[in-house]
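Scrolling down, you'll hit the structures one after another.
In what follows, subunit A forms one complex with subunit B and a second complex with subunit C.
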Partner chain A sequence: MSLRIENLNVAFGETKVLHDLCLDIADGEFISLLGASGCGKSTLLKSIAGLLEAGTGKVLIDGKEMNGIQPQKRGTVIVFQDLRLFPHMTAGKNIAFPMRIRGVQKERQKETVSRLLGQVQLTGYEDRKIREMSGGQMQRVALARALAADPRLLLLDEPFSGLDERLRAEMGELVRKLHRENRLTTVLVTHDKQEALKFSDRIALMSGGRILQYDTPRNIFRHPINREVAEYFGRMNYIRDGGKEIWVRPFDLRIIPSGEDCRVKDIVFMGETAEVTVDTPGGEVLCMMTGSDLEALGIAPGDPVGIEIGRKTGMAPAEGREKM
Partner chain B sequence: MQRKLTPYILLVPQIVLTIFFLIGLITGITQSLGVIPAFGLREPTLFYYKEILTKPDMVNSVLYSLRIALFSALFSTAAGVLLCALLVNGCRTKGKMMRIVQLPIIVPHVVVALFAINICSQNGLLARLAYAFGLIGEQQQFPALIYDAGGFGIILAYLWKEIPFIIYFVIALMANIDGKLGEAAVNLGAGKVQTFLRVTLPLCASTISSGFLIIFVFALGAYELPFILGATTPKALPVQAYIQYTHPDLRNRPYAMALNGLIIVISLVCAGLYFILMTRSQKKLAGKK
Partner chain C sequence: MREEPEKAVKKRRFMITDIILIMFVLAIILPVAVMLVWTVTERWAWPDLWPQVFSLRALDGIFQRSEVLTKLFASSIIISSAVALLSVAIGTMTARALVLYEFPGKGLVYFLTVLPFMVPATVFAMGVQITFIKLGLNNTVAGVVIAHLICSLPYGVRLLMDGTAAVGARLEEQARVLGASAGQAFFRVTLPILIPVILSAFCMSYIVSFSQYFLTLLIGGGQVKTFTIVMVPYLQSGDRNIACAYSVIFLCITLAVFAIFEKIADRWSRNTDTAFYT
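For the complex of A and B:
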């Protein structure tokens, strides 16, 4: 199913949280809403699900205006950050809850619970109490419960924020798999740029209740529309070249040992990667490389070097978008 | 050394109060067993307990008190939970509305009794209004809402006081559950009624039951309302106990203590249930084993 948001404004009392927000999501897309805490990501998600009333603007699902339509009739389901599993029910009953509400036959409920538990790799956990489960297992139950509601649009509100790195990656893969298998349209709220770049078809980077840029992971990383977007996805060198400024990621700068116009200022070795700060006639730049490349270069602070820009075309800001 | 002693020093007021309470309790139980040496009663006996559980006027008092306590607690809890749900649903769990709801809680029971007499008696406000509108021809035709053998007036007064108590006791938890788990249920397709019945109510059940027990025990042991608004017969347990305690024949005092003993036993059972319910509720909500 498709989702279209037109000039959405949401305010809490006097505080405006979303400002004239527009967003288009095609059927079957996996979208990430990325941004710092408090930028309005969760508010946008709740507005889509109907848990918050929009001030002005439109939310259209499959072209149908959703303003005034109750949450349970929108076909959207949120997996909340704090999961909100019902503590008085077992894992199986939690998953069966949306089906019980819809009056699905008990036999079918049982089959679906069993199938969904299999999908989230928790086969045999039907009778397990929520309080007896680990954080990762609870995440899986929350996902299975959301899928049991048969959503047309799955909304994930930072559901992996409480997990360690390994589990986060595992859960991310699982969500991506479920998205494909169940042919869902999915919106993931996250503040983890790696997560967004890895799993999304498109990323909407938000700040201050507005979408700064909405594009594919490759484009948003390679062609940021302004410094804020560029720096959200990693460090950036701003190199003056005549009258214009070139933006270059530290990994796109290559150090040439034979050069003479620049000098190594500092080296930070971090195992797999290394950071080298170089003084150039145009100012200080940061280069990043693998640890083995650094060893192969054999450079030390104070050594004269040259700098080569590997990739810059896509890094220059579009004309007129931002003055630096 | 001083640090080690600090917790014990801080506990001293509680310990002193507990000692006084226990002395009173033990004295009362001893007297209820017919041991008051000053009055020449020296042999322990269960005679007074047998008497209060078999003598018709005493049995009537016990049943009357239990009925008042049960109905007061039951109706207060039901109405309180219903109003609580409406307030939570209307997002009116804070501010002016809650202050209005809490107002009856701070009004003393004696004042509530006076309200009840002024409003509900056969020459009260309601009776006068009924007469003014031609609904009754004389005051005797107005139903006896107070001083009645069914304890209707007493229950009515308890409802006025205890419905707000239940709201006050339950609303914070209910609002919290409704705000988070209720939102999750709505998000999964449940309507407001389904959310209340399947999620909010089961999770509040232990707290609601605890509120019910508090009102039940209070109504069972409270003296003012049955004394002021109660019928001549039957008399509520605390009123009967007071009459026996102030009886000119001091040897009637074990009856008073046996009646108090009965209230204590019922209260202790309720306190035990309360403890179990609160522990269960905390575990359920905290998600602990």
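For the complex of A and C:
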């Protein structure tokens, strides 16, 4: 289903948290929501789900205005940051909860619970008590419970923070698979930009209750509308070239051994990649390359070198993107 | 080597808890034991450690009046249970309002619910009596129930406020987005988790109601008889064996009532597919 947010304002008492926020999500899209802590991501999800009163503005689901529609009638399910599993129920009962509310047959409930537990790799955990589960297991139960509610829009508020690398990747894969298989419109809040770039159809970067930029991973990385966005997704060199400023990502700069006007300042070798800081007449720049490229280059701090700006790397802010 | 200090700590902790436990048991068991002995004692003068004369006079007396007493107990239990149930129901709602919602006059409501803590019981009883006479509630069971309720509500509200604050609104929010209405979210999520606190609040309110003497006398005007009303004169007149016999019965009945309510709560939890959250 599609979601459209128009000029949403949300305030807690006097403090405004969301300012004139607009967002458009097409049916079946996978959207990542990024932004610093406290910028209003959770607040946005709660407003979409109807847990918070919108001050002004609209939330439209499939074109229908949601103002005054109760949370349970919206078909939007949140997996919260703090999971919120019901402590007095077993894992299985937690997952069955949305089905019990809907009055699904007991047998069907059982089947669905065991199928979902299998999907989150917790087969046989039906009767496990919540307080006897690890953090990662609880996160997976929370995800399974959300799926049991048959959401039209799945809102994931950093559900995989704190998982170890492997499980995190697996859960990420699972969410993506579910998204692909069920065409489930999904919004994922995350602090992990790699995860966002990798998984999303589009990324919304928030700051201070506004959306700075909302675009495809490629565009938001390649054509950031301002320095804040640019630096959020990676390092950036701002090189003065005559009267104008060009933006170059460190990987788009090439060091050439035969040069006069620049000098290697520092080299940081990190295995697969390496960072080289170079003093140029226009100031310091940062170059990144693979570790093996660095070895092939054979440079040392103090060496005179030249800098070449790789092709298509000049990234002046894209015109007319400010308004999105 | 490294395990030793740990073991020592563990052992000491055991001793401390043991001592506390023993003191606790003494503080409760000893008076009860003395009371039990008193029920069959005719004379037990200082400084003897053991009664001089035993008799079954007190128990006899009580059994002879058993029909009256059964009625008395029944009315006492009904009044106190009603008070406790109302206190828990009103307390749960009040606590919810006070903890989870913002509304104008919240401070005042809170102040009013705990006011009976602060006003001396006699002053309070007078005020209630005057009001109830005007309302025509004096000398009625309903009047006594309401008066007891005013006394026991502060305990209920305080306990349930802590419970409600501990549970918070988060689980209900989660239930809502999973498809539950506001009512379902409360009854299926918060209420089962609150059961232990509700039981405490119930017992507290029950006891407060059961032990009201002055207030019951004043509002009930002698028409509404409760166990305490009948017992207190014996205590004052020095008929200690009869008073003790009454107390023992009081204790047994209270425990029985609490046990029954715990059973009911337990059964209810089980029916709603939940377990006690301890």
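Here, the second predicted complex is superposed on the first by the 314 of 324 C-alpha atoms of A that agree within 3 Å, B and C clash if a C-alpha of one lies under 4 Å from a C-alpha of the other, contacts with A are read in each partner's own complex, and residues count from 1 in each chain.
Here is the rule we go by: a contact is a pair of C-beta atoms (placed from the backbone, for glycine too) under 8 Å apart; a residue touches a chain by one contact, two chains touch by 3 or more.
Since we're looking at a predicted model, the values are computed, not measured.
Participant: Based on the superposed arrangement around subunit A, label subunit B with subunit C as either clash or fit.
Facilitator: Here the two partners, once superposed via subunit A, clash with each other.
Participant: Taking the superposition as given, does A:His88 touch the first partner, subunit B, the second, subunit C, both, or neither?
Facilitator: In the superposition, A:His88 contacts both subunit B and subunit C.
Participant: Would you check which partner chain A:Asn237 touches, where first means subunit B only, second means subunit C only, and both and neither mean what they say?
Facilitator: After superposition on chain A, A:Asn237 lies in contact with neither partner.
Participant: Considering only touches as defined above, state whether A:Thr190 meets subunit B (first), subunit C (second), both or neither.
Facilitator: neither
Participant: Contacts for A:Gln213 in the overlay, against subunit B (first) and subunit C (second): which applies, first, second, both or neither?
Facilitator: Touch status of A:Gln213: no partner.
Participant: Please work out whether A:Thr43 is in contact with subunit B alone, subunit C alone, both, or neither, and reply first, second, both or neither.
Facilitator: neither
Participant: Once chain A of both complexes is superposed, is A:Phe97 in touch with subunit B (first), subunit C (second), both, or neither?
Facilitator: A:Phe97 sits against subunit B and subunit C alike.
Participant: So, does A:Gln109 touch the first partner subunit B, the second partner subunit C, both, or neither?
Facilitator: neither
Participant: Could you list which residues of subunit A make contact with subunit B in one structure and with subunit C in the other?
Facilitator: 49, 51, 71-72, 76-78, 80, 82, 84, 86-88, 97-98, 100-102, 145-146, 149
Participant: For the complex, which residues does subunit C have touching subunit A?
Facilitator: Residues of subunit C touching subunit A: 170-171, 173-182, 184, 188-189, 192-193, 269, 273-277.
Participant: Going by the contact rule at the top, pick out the subunit A residues touching subunit B in the complex.
Facilitator: Against subunit B, subunit A makes touches at 49, 51, 71-72, 76-78, 80, 82, 84, 86-88, 97-98, 100-102, 130-132, 145-146, 149.
Participant: Please name which positions on subunit B make contact with subunit A in the complex.
Facilitator: Residue list for subunit B touching subunit A: 180-181, 183-191, 194, 198-199, 202-203, 283-285, 287-289.
Participant: For a test of understanding, state which residues of subunit A touch subunit C in their complex under the given definition.
Facilitator: For subunit A paired with subunit C, touching residues are 46, 49-51, 70-72, 74, 76-78, 80, 82, 84, 86-89, 93, 97-98, 100-102, 129, 145-146, 149.
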